[in-house]
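The two complexes that follow have subunit A in common; it is paired with subunit B in the first and with subunit C in the second.
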Partner chain A sequence: MKYINIDKKNWANGLKNLYENYRLFGPVKNNKNHVFKKLSKGELPDLNYLNTLLSPKSIVFPQSETMFEYSLDESKEDHHILKEIDKDYSPRALIGIRPCDAVSFKLVKRNFDTPEYKDPYWLSAYESTIFAGLACSNPCSTCFCTSAGCGPFHEDGLDLLLVDEGEYFIAKILTSRGETFIKSAGWETEADPIAAEKTIKNMKIKAEEKIASFVSTDQLKNKSAIDLYAAPFWEEIAFACINCGTCTYGCPTCWCFDIQDEISKSSGIRMRNWDSCMYPLFTLHGTGYNPRNAKVQRVRQRFMHKLKYYADKYGDGIQCVGCGRCIRLCPVNIDIRKVCDIMNNYES
Partner chain B sequence: MPEYTAKIKGISARLLKEEKVEIVIGFRKGTIPMMNEPCFVKTPEDVKELVWDSNCGINLANYLTNRKEKIGIIAKGCDSRNIVTHIIENKIKREQLFIIGVPCKGMVDKNKITSMFENEINEVSEVEENIIVKGEGFEKTLNKNDVLQENCKICIHRNPVLYDELAADLLDEQKNIDRYEDVRKIEAMATEDKWKYFKDLLSPCIRCYACRNACPLCYCPTCFVDESRPQWVGKSLDTTDTRTFHFLRAYHCAGRCTDCGACERACPMGIKVRTFTKKLEKDCLELYGWEAGLSLDERPPLDTYRPDDPEGFIK
Partner chain C sequence: MQNPYLPYPVRIDEIITETEDKNLKTFKLVFLNPDDEKNFSYMPGQFAELSVAGKGEIPIGIASSPTEKGFIKFTVNKVGLVTTCLHAMKPGDIIGVRGPLGRHTWDTLKGKNIVIIGGGFAFTTLRSSIVYMLNPLNRMNFKDINVIYGSRSPGMLLYRNELAAWETRDDINMHITVDGTDDPDWKYNVGFVPTITEQKAPPGDPDTYALICGPPIMIKFTQPVLDKLGYTHDHIIMSLEMRMKCGIGICGRCNIGKKYVCKDGPVFTLAELDNMPKEY
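Showing the complex of A and B:
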């Protein structure tokens, strides 16, 4: 494994070099909160942050994404034919993404990259992106990543991991793409791998010790989905829910979308927009029948999908990385940690 | 506020024991600072869960819509006004309700408090008028009046307007409050400036509809933005569609909004959505001398006709 020391004095210059070869995205403070955005030339990401208000999933999976355009003008030869929209899939990098958010892309990939179906938009955007992670030395009180399959120094899903050592960053190179990226920045000071790994390990232990909140998931696999589905606790869990989409829009692993056509005069576009299982329209059938007509059904679906159906289908843990955004953002304090524990401990 | 909580628990336990109500709707202590969770209790034993403090900003009238059972509900001033509105609009019957009125000293603005500190807040407690904020390496005592929600600061109906029993003595209402200073500032803007102001105001909107869904007035079986046959409003982040949603929603609330602030409190992006509803509230007051939710005996101005209705705004 290769480690590079990046003196913070060379940080801005390296980014300037990177700007020539990559479109750079990073966290910046917008009003009171941090958000991921495309950095303009010379703009530096603000890496002194806990985590962004919303997850960076929109960088790869925009909230609204136009896929096709078409004309309804029958005097045109190509009328009523869907035409691909030109998109920029040139190389880009997400700088300073937290390990929990990075691993979320791998969870989401299971939906967009299957043996049967490959989502060209998501995959092209994903494959054009370098994930330059930033290890988390100060996790939030709502972070429960270590019991949700990752952690503050987790490396899965990253091309490189930056570790803030005060005067400098240690960059742990995890993939060849990460190596190319670092080279392109001109950061060349190799660190002694043994010492660097030791430093990182110590910092990792300290960070993990700071994680104060956990979920228990060990029993979920053994529970019957039908028993959990029919459990009596859903009414109480769902009561406060107002069925807004905040939890799903803030979540790095929620992947549902809805396809819409919008037509203006004789030209139209076909787009997809984030959808949310919290919305009544989400499962409304063409017949007018809605299998999830009641709030309690929708709330149950959200938690069952994340904590049971996903876990059963892929056999690789829950569809949650423990970032805690849904807990922080929920207007009525519905807490996935509590729900997860109720489900995990439920005896029918 | 421990005395409020004790009284609420006592009344609720009695109501449930005497079977005067089937459930009591209130708040339980939240899992993170400055958040409580709306909840229900069905047995006298469970009332121990109930809590009252300065983090009960969600409007509980929202949880009454179309319920059928006998309900005990904890209501601060604004909640009680929305209960009145709910009764007038046939969303609940007065006879179904036992209203436990809470004279309200205001709710704290969690966004404001959060933005006052660089580090994460781990604990917030309150002792009378002091809010004690703790985090890693800091502890600070704030005066509650300095960190109230904007709507609470200018509230002139802190006492419930309709109740069956009180959880505390009635309070003196705030006097000489200028409720519309901010609205007048916007009214005075040139058209282009006003447009830019609204554009900037709404630019962070992600259309999660938390504002709409936290609002007790928004109970339409299908909201106009969700209507799909035919579809009226686009579903992307197109600015025209987003503005259409906010503007129309505000108009739907004209003469009904009690400025409870639930919308603003619920917004994950921190948008001051009350900006719209307040202008309409001001108009209703100036044109019709109307404040929503104060009386069960009077119809709201926009669902009734009077020969002397003002019509100067019809052009």
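Showing the complex of A and C:
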């Protein structure tokens, strides 16, 4: 394993070098909150942040994305025929992504990259992205990453991990793509691997000790999905929900989308937009029938999908990384940690 | 990377108004590129997304049979934005088709007695199944074929010419029925599908499979009849409907439990549905 010390004095200059080869995305303070955005030349990411308001999923999976274009002008030979459009899949880098958000891309990849079908938009964007993570030394009170399959110094899903050591960053190189990235920045000062790993390990232990909340998931796989579905607790969990959908928009692992056509004069596009299982239209049939017409059915769907259906389908843990956004953003204080524990402890 | 969201361009070759209320039309579609027809290799029970530029896509069961070459057919009920636009289109217009989508269960049906039970306009993929089985190359692969098909009135039956032709054959037992009619010349059954099923369907046995498509109310009352006739739940095959967008198990809306109706279905055995939440 290779470790590079990046003196913070060389940080801006390195980013300037990277700008030549990568489109850079990073956390920037926008009014009160941090958001991931494309950095303009010379713009620095603000790495003094807890976590961004929304997850960085939009860098790979935009909230609105054009898929095809077409002409409705019947004098054109190819009118009404959908055409693929050119997209920019040149190398890009997400700088300062938290380890929980990074691992979310791996969970979501299972949905977009299946043996039968490959989603070309998601996969092309994902494959063109370098994930340059930033270890978390000050987790939020709502973080529960360590019991959701990752942690504040988790490396899975990253090409390199930056650890803030005051005067400098230690960059732990995790993949060959990460190595190319660091080289491209011109950061070359190799750190003593044993000392660097020791420093990181100590910081990791301290950070993990600061994680104050947990979920228990050990019993979920043994429960029957039908029993959990029919359990009596859903009405109470859903009672306060106003179906605003904020949880699904903020969530790094929510991937549902809608497909819509939009036309202007004689040309049109087909696009996809983030959608949410919190909305009745999500499942409304043409006949007017809706299998998830009631709020409680939609709330149950969200938690069952994340904590049971996904876990059953892939056999590798829940569809949640413990980032805590849905807890922080929920206007009525619905808490996935409590729901998870209720489900985990339920005896039919 | 192949783009599974890109429809094949097709030309509307013919439009047939099927029912007296004019709400159901069959669209016969021809691929603009011959290679696309080869790639669109399907089996009865599968569906496709019909794509209308400027309006959107709709998931519709394939009504033609793979034994019918040179075109594909879809029977579409006028319901919403895309279907209303389709109903206003004319032969020669260009639309798109994406698929085939979903799975089929023909591997388990080979060598078996088949009982087809259909109601209303859900008969489309069952029509595909019948045409497929009656093809001279396939008929010997199936034993007895019984068809129970009902609609509200004679004028609401789909594919009336074909129904009449099948009535005259001796390798298929047709039991056509209507809920009621004042037509003195009506020579077939009168009664709801569950009642006719009870009277006409063969008893259940390991070599007999029932394929059911129809409105929820028909399915609800037919199921106890099949139980009474001795059909086990793994011998009852049903097709589900859900609101869909991608059709390939990615966009997330058509799940029942951990299964996606578009990709893991739309065809399920009742035994499979018994192990899934009743959210459909």
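Just so it is clear, the second predicted complex is superposed on the first by the 348 of 348 C-alpha atoms of A that agree within 3 Å, B and C clash if a C-alpha of one lies under 4 Å from a C-alpha of the other, contacts with A are read in each partner's own complex, and residues count from 1 in each chain.
Definition applied: a contact is a pair of C-beta atoms (placed from the backbone, for glycine too) under 8 Å apart; a residue touches a chain by one contact, two chains touch by 3 or more.
Source: prediction; values computed, not measured.
**Student:** By residue count, is subunit A touched more by subunit B or by subunit C?
**Tutor:** C
**Student:** Let me test your reading of the model: by the given contact rule, A:335 touches which partner, first (subunit B), second (subunit C), both or neither?
**Tutor:** first
**Student:** Which partner does A:205 contact after superposing on A: first (subunit B), second (subunit C), both, neither?
**Tutor:** After superposition on chain A, A:205 lies in contact with neither partner.
**Student:** Applying the document's definition of touch, where does A:246 land relative to subunit B and subunit C: first, second, both, or neither?
**Tutor:** In the superposed model, A:246 contacts subunit B only, not subunit C.
**Student:** For A:260, select first, second, both or neither according to whether it touches subunit B, subunit C, the two together, or no partner.
**Tutor:** Once the two structures are laid over each other on A, A:260 reaches both partners.
**Student:** Per the contact definition in the header, classify A:195: touching subunit B only (first), subunit C only (second), both, or neither.
**Tutor:** The answer is neither, since A:195 touches no partner chain.
**Student:** Which partner does A:226 contact after superposing on A: first (subunit B), second (subunit C), both, neither?
**Tutor:** Only subunit C is touched by A:226; subunit B is not.
**Student:** Kindly classify A:12 by the partners it touches after superposition: subunit B alone (first), subunit C alone (second), both, or neither?
**Tutor:** Touch status of A:12: no partner.
**Student:** Looking at A:53, would you say it contacts subunit B, subunit C, both, or neither? Reply first, second, both or neither.
**Tutor:** A:53 contacts subunit B only, not subunit C.
**Student:** Answer with first, second, both or neither: which of subunit B and subunit C does A:294 touch in the superposed model?
**Tutor:** Touch status of A:294: no partner.
**Student:** Shared contact residues on subunit A for subunit B and subunit C?
**Tutor:** In the superposed arrangement, which is not itself an observed complex, subunit A uses residues 258, 260, 284 for both subunit B and subunit C.
**Student:** Which positions of subunit C touch subunit A when the two form their complex?
**Tutor:** Of all residues in subunit C, those touching subunit A are 1-7, 9, 32, 51, 53-58, 77, 79-80, 83, 93-96, 216, 241-243, 245-246, 248-255, 257-258, 263, 275-277, 279-280.
**Student:** Tell me, which parts of subunit A touch subunit B in their complex?
**Tutor:** 30-33, 50, 53-54, 63-64, 140-142, 236, 239-240, 242-246, 249-250, 258, 260, 262, 271, 273, 276, 279-281, 284, 327-329, 331-335, 337-338
**Student:** Which residues of subunit A touch subunit C in the complex?
**Tutor:** 67-68, 70, 72, 79-82, 84, 111-112, 114, 116-120, 123-124, 225-226, 229-230, 255-261, 263, 268, 270, 272, 275, 277, 282-287, 289, 291-292, 297, 301, 304-305, 308-310, 312-313
**Student:** Per the contact definition, I'd like the list of subunit B residues that touch subunit A in the complex.
**Tutor:** Result: residues 30-32, 35-40, 58, 62-63, 111, 114-115, 120, 122, 204, 206-210, 212-214, 222, 226, 228, 234-238, 265-270 of subunit B touch subunit A.
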